[in-house]
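Below are two complexes that have chain A in common, paired first with chain B and then with chain C.
Presenting the complex of A and B:
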């Protein structure tokens, strides 16, 4: 049943002009960032060669900055794709219909989250496929760190999707849902600015910031602490959304 | 009104309870944790007491118990998540996917760190986190090194401080420049600059040993003195090296043997050439892996020409003149360092240092095969070595040596393929004096070079890492092609799909 709902969600996305407009804008910005970062990397490499300096590492000079840019774009655009996951069903009055069906609430939640995650992942990895293709055709990139970066993006999509689903369950307004997702994710992201300070605030930032838990993937490092943090976040957010939908049944 | 106050109190209590839970597991050092816990108890208790009629009504109403169950379930889930994260962080597993293992230390380092006993060794790196790309690169390298050491060393406490943010802590530690790492254990401490795995590991091992390291400054041949308070003496240099954890002492090498605790020997501006006996002792010291620093006055002979030539080093005749400096100060005989080498001893240095009346350090025409010479600091291309420095106007002429010229070179000796000593030669000694250290970045250069030299003796050798970090080569046409695909084709396809879907919908 979960797969059925996910498929329905996926089909709904692919048939929505709005989703494709968001995707097109997203990919245009992604392409712009890719072109700029690539240009900066190639120029730095040329200048470094003139000064007989060590070659700029591909991982820290190109792959990591691209990963950071991609993460930021996800942060900006995911709320636009998640805002109507449940909010539109609440607004149009189809939610009671969905809940009165024999489908379990958790199946609805997991199905919707899975469908969105697949849609965004396909978009990011197909649309962004130009990056690995360029690196493989014109150079010899380290493949394992690239796979690590892909895993990091996948987990970030999962986290933002779960957060968006929770926000969408909290409000009947798509705009409010998008704002909740955006401010929460941005707040968790920007918590990292406290990292370089001193004392408990810095410690709190290291434990609580979304950025700190996803950035190591782009540098070719997978840490169990980060993976558990991200999965825990997904679990708690999905649980929250499930409980919120359950409360509709009681009414 | 009472209900509003009760619910606000309850909300504050709930928030305080969440903060207590998260802090207790993740940030136990948070000050005021007890006050926060008390706030949680009082807040929730106050809500229960003041709003009890409404609570009991809600619980009895349809869905009341379900709501309570939901809140409890989410609280339990958050608790499980926080505990899971804390456990995962405490028994951390890391997979380093980089080909050269950038985020990991070598097996040798892991073995050495695992063998270190308690008490813990404190490692504190002072690195700026800013927009400057070079500083940012150093910070990233340090972060990776610090994380790798922290993961590998059970008795290490690794911390990073931004001296721009934590100004007081930097001042208390006496840190005035970026890229300093202080290693301390049981009251012993040492500091290193621009650390890499080998230098950091060696420093950790050194502070763990109950052994003093001493830098001996040669005396008895009219060299610069350590104990005088004059502009020409080396008392300030002694103070700076002391801050690195090094003891600095004079030594009459002609009358005394070189002690076992000699981390390095400095020969600074002897007025007369060193005797054959002293030279022989220094040769033996180098053969045993010792570290020697020679700073010569331009018009004086050191008597170390043969020893230096064995390391592939020599001094050019004439004086270095630098038109770049003359255009600013009017004095061409104070050459400025325009560029530093890639050797670890000067890695990361950027600010120029200024020498005074220096001879250029050259590599001997017939380079010995059992040594490797590194240029540490060089002039710009505009400088040259002038054979007739008193002539006017100063022009590059026949017999002069064109720039860039090395003012400071290092030779690593490896006789018969085994690791040997290290020699550094400078064609000027004034830059190390009390007056010279005040000029430009001379102090930084002296501390870095001599600190690094004194660490050479017991530097733990680590296997070199493969530098397989990937390559990328594109010409401008490739770049344009990729740019067109990324900027126009891929997003254009999405927008075309959106347009098609929209037209179809309108057609229905």
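Presenting the complex of A and C:
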């Protein structure tokens, strides 16, 4: 049943003009960022060669900046794709179909999250496929860090999808849901600026910042603690959305 | 079969449904009749598992909606007032989607979808996108999703609301076709709908049950004596005044070319007496019985 709901969610995305407008803008920005970062990398490499300096490593010169750019695009665009996950069911009156069917509400939540995660992953990895293809064709990139970056992006999509689903369950307004997702994810991201130093705020930043838990993936470092933190975040957000959907029966 | 026992639902201080109890027997069509805000939709939403009850129990085909929620929901089909349909899907895809949600096995799905589309006369529109359909067709699609798993209980919330007269007529014909096959509970604020479609009517007002029964038994319960509608050529006011003076007449109300009379009982002598008196005012016809409308209004007034 989870897969069936995910399939419908996926189908709804592919038939939504708004989703395609968002996806198109996203891909265009992704391409622009790739071009800019590649340009900077090539210029630095040329200048380095002129001065007979050691070549700029692919990892820190290209893969990590591209990973960071992709992460920022996800932060920017995910709220627009998640804002109607449950809010649209409420608005269009289709919620009774789900609630009166012999399925559990957690299946609805997991199905919707899975459908969105697949849609965004396909979008990001199809659009982002240009990077590894270019690197493999024109050089010999380190594959392990690239796989790490891919895993990091996948987990970030999962986290933002779960957060968006929770926000969508909190408000019937799509705009409010998008603002909640955007401010929460940005807040958790920017919490990292407080990481240096002492005191409870720094400690909070080190433990609670989304950026701190995803940035290592772009450098090819997969920390079990980060993976557990990200999965826990997804679990808690989905649990919240599930509870919220259950509570709709009592409103 | 639907069994509702002492069902209550509060929204803060507002009591939407208050100690409501009724039973809809297998194969019966029961109408839930009431003005806006009577608690009809709230009751139906609780019955379908979309809303929790503050207290009381609901059993659908023998399954408690809280204790055995999945089994209860599997046994029912629900058409809310606004059909729960996905605009971007085709009619066939949507009904197939509903069949999956309702747990129809993969091998049975094509037959179940075909049957639902045939029943709702949507076979020719199966490839059309739901969002492009007229309101009447969308209502049919809504009904098809409620029927696709052949539920033993069908709950319809104002199924003809917002339809044009021809669409109302075809929707009613469709519900009549289903009579006997399924236990049907439908809500309406249209008296004519309750009269023409339902075996029994339960009248709600302020979340409470004020009367329940067949049309004739309701009339008996709420009006007591017999009501006559006398069509006359003469002055209705003068006629009403003369009739009101007769001993068995409890009430005589003049109308346009007619007088509505309530008798203390339904005896033939009293009826003949009234007809004889009305003949002096040019009696054209004498029909017994107030419509359900009067019964309904009286029930609502009583509840206030």
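One rule holds in what follows: the second predicted complex is superposed on the first by the 248 of 251 C-alpha atoms of A that agree within 3 Å, B and C clash if a C-alpha of one lies under 4 Å from a C-alpha of the other, contacts with A are read in each partner's own complex, and residues count from 1 in each chain.
Here is the rule we use: a residue touches a chain if its C-beta (ideal position, glycine included) is under 8 Å from a C-beta of that chain, and two chains touch if they have at least 3 such contacts.
Nothing here was measured: the structure is a model prediction, and the numbers come from that model.
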Ask   = Counting only touches as set out at the top, which of chain B and chain C does A:221 meet: first, second, both, neither?
value = first
Inquiry  = Quick check on the superposed pair: does A:176 touch chain B, chain C, both, or neither? Answer first, second, both or neither.
reply    = neither
Request  = Based on the superposed arrangement, let me know which partner A:42 touches: chain B (first), chain C (second), both, or neither?
outcome  = first
Query = Between chain B (first) and chain C (second), which, if any, makes contact with A:4: first, second, both or neither?
reply = second
Request  = Go through the superposed model and pick first if A:243 touches only chain B, second if only chain C, both, or neither.
outcome  = first
Task = Report for A:15: first if it touches chain B alone, second if chain C alone, otherwise both or neither.
result = both
Query = Who does A:186 touch here: chain B (first), chain C (second), both, or neither?
reply = neither
Request  = For A:72, select first, second, both or neither according to whether it touches chain B, chain C, the two together, or no partner.
outcome  = neither
Ask   = In the superposed arrangement, does A:96 touch chain B (first), chain C (second), both or neither?
value = second
Inquiry  = On chain A, which stretch or stretches are contacted by chain B in one complex as well as by chain C in the other?
reply    = 15-16, 250
Note = chain B contacts chain A in the complex at 22-23, 26-27, 29-31, 62-63, 66-67, 70, 73-74, 77-78, 80-82, 84-85, 87-89, 91-99, 102-103, 129, 137, 140, 144, 160-162, 165-166, 169, 342, 468-474, 478-479, 482-483, 485-488, 490-495, 497-499, 501-502, 505
Query = Considering the complex alone, what residue numbers of chain C touch chain A?
reply = 45, 48-52, 69-71, 73-74, 76, 78, 80, 82-89, 97-98, 100-103, 145
Request  = Using the touch rule from the top, collect the residues of chain A that touch chain C in their complex.
outcome  = 1, 4, 8, 11-12, 15-16, 92-104, 249-250
Query = Contact residues on chain A for chain B in the complex?
reply = 15-18, 20-21, 23-28, 30-32, 34-35, 38-39, 41-42, 45, 53-55, 57-60, 62, 127, 130, 134-135, 138-142, 144-145, 147-148, 196-200, 203-204, 207-208, 219-225, 227-229, 232-233, 235-236, 239-240, 243, 246-247, 250-251
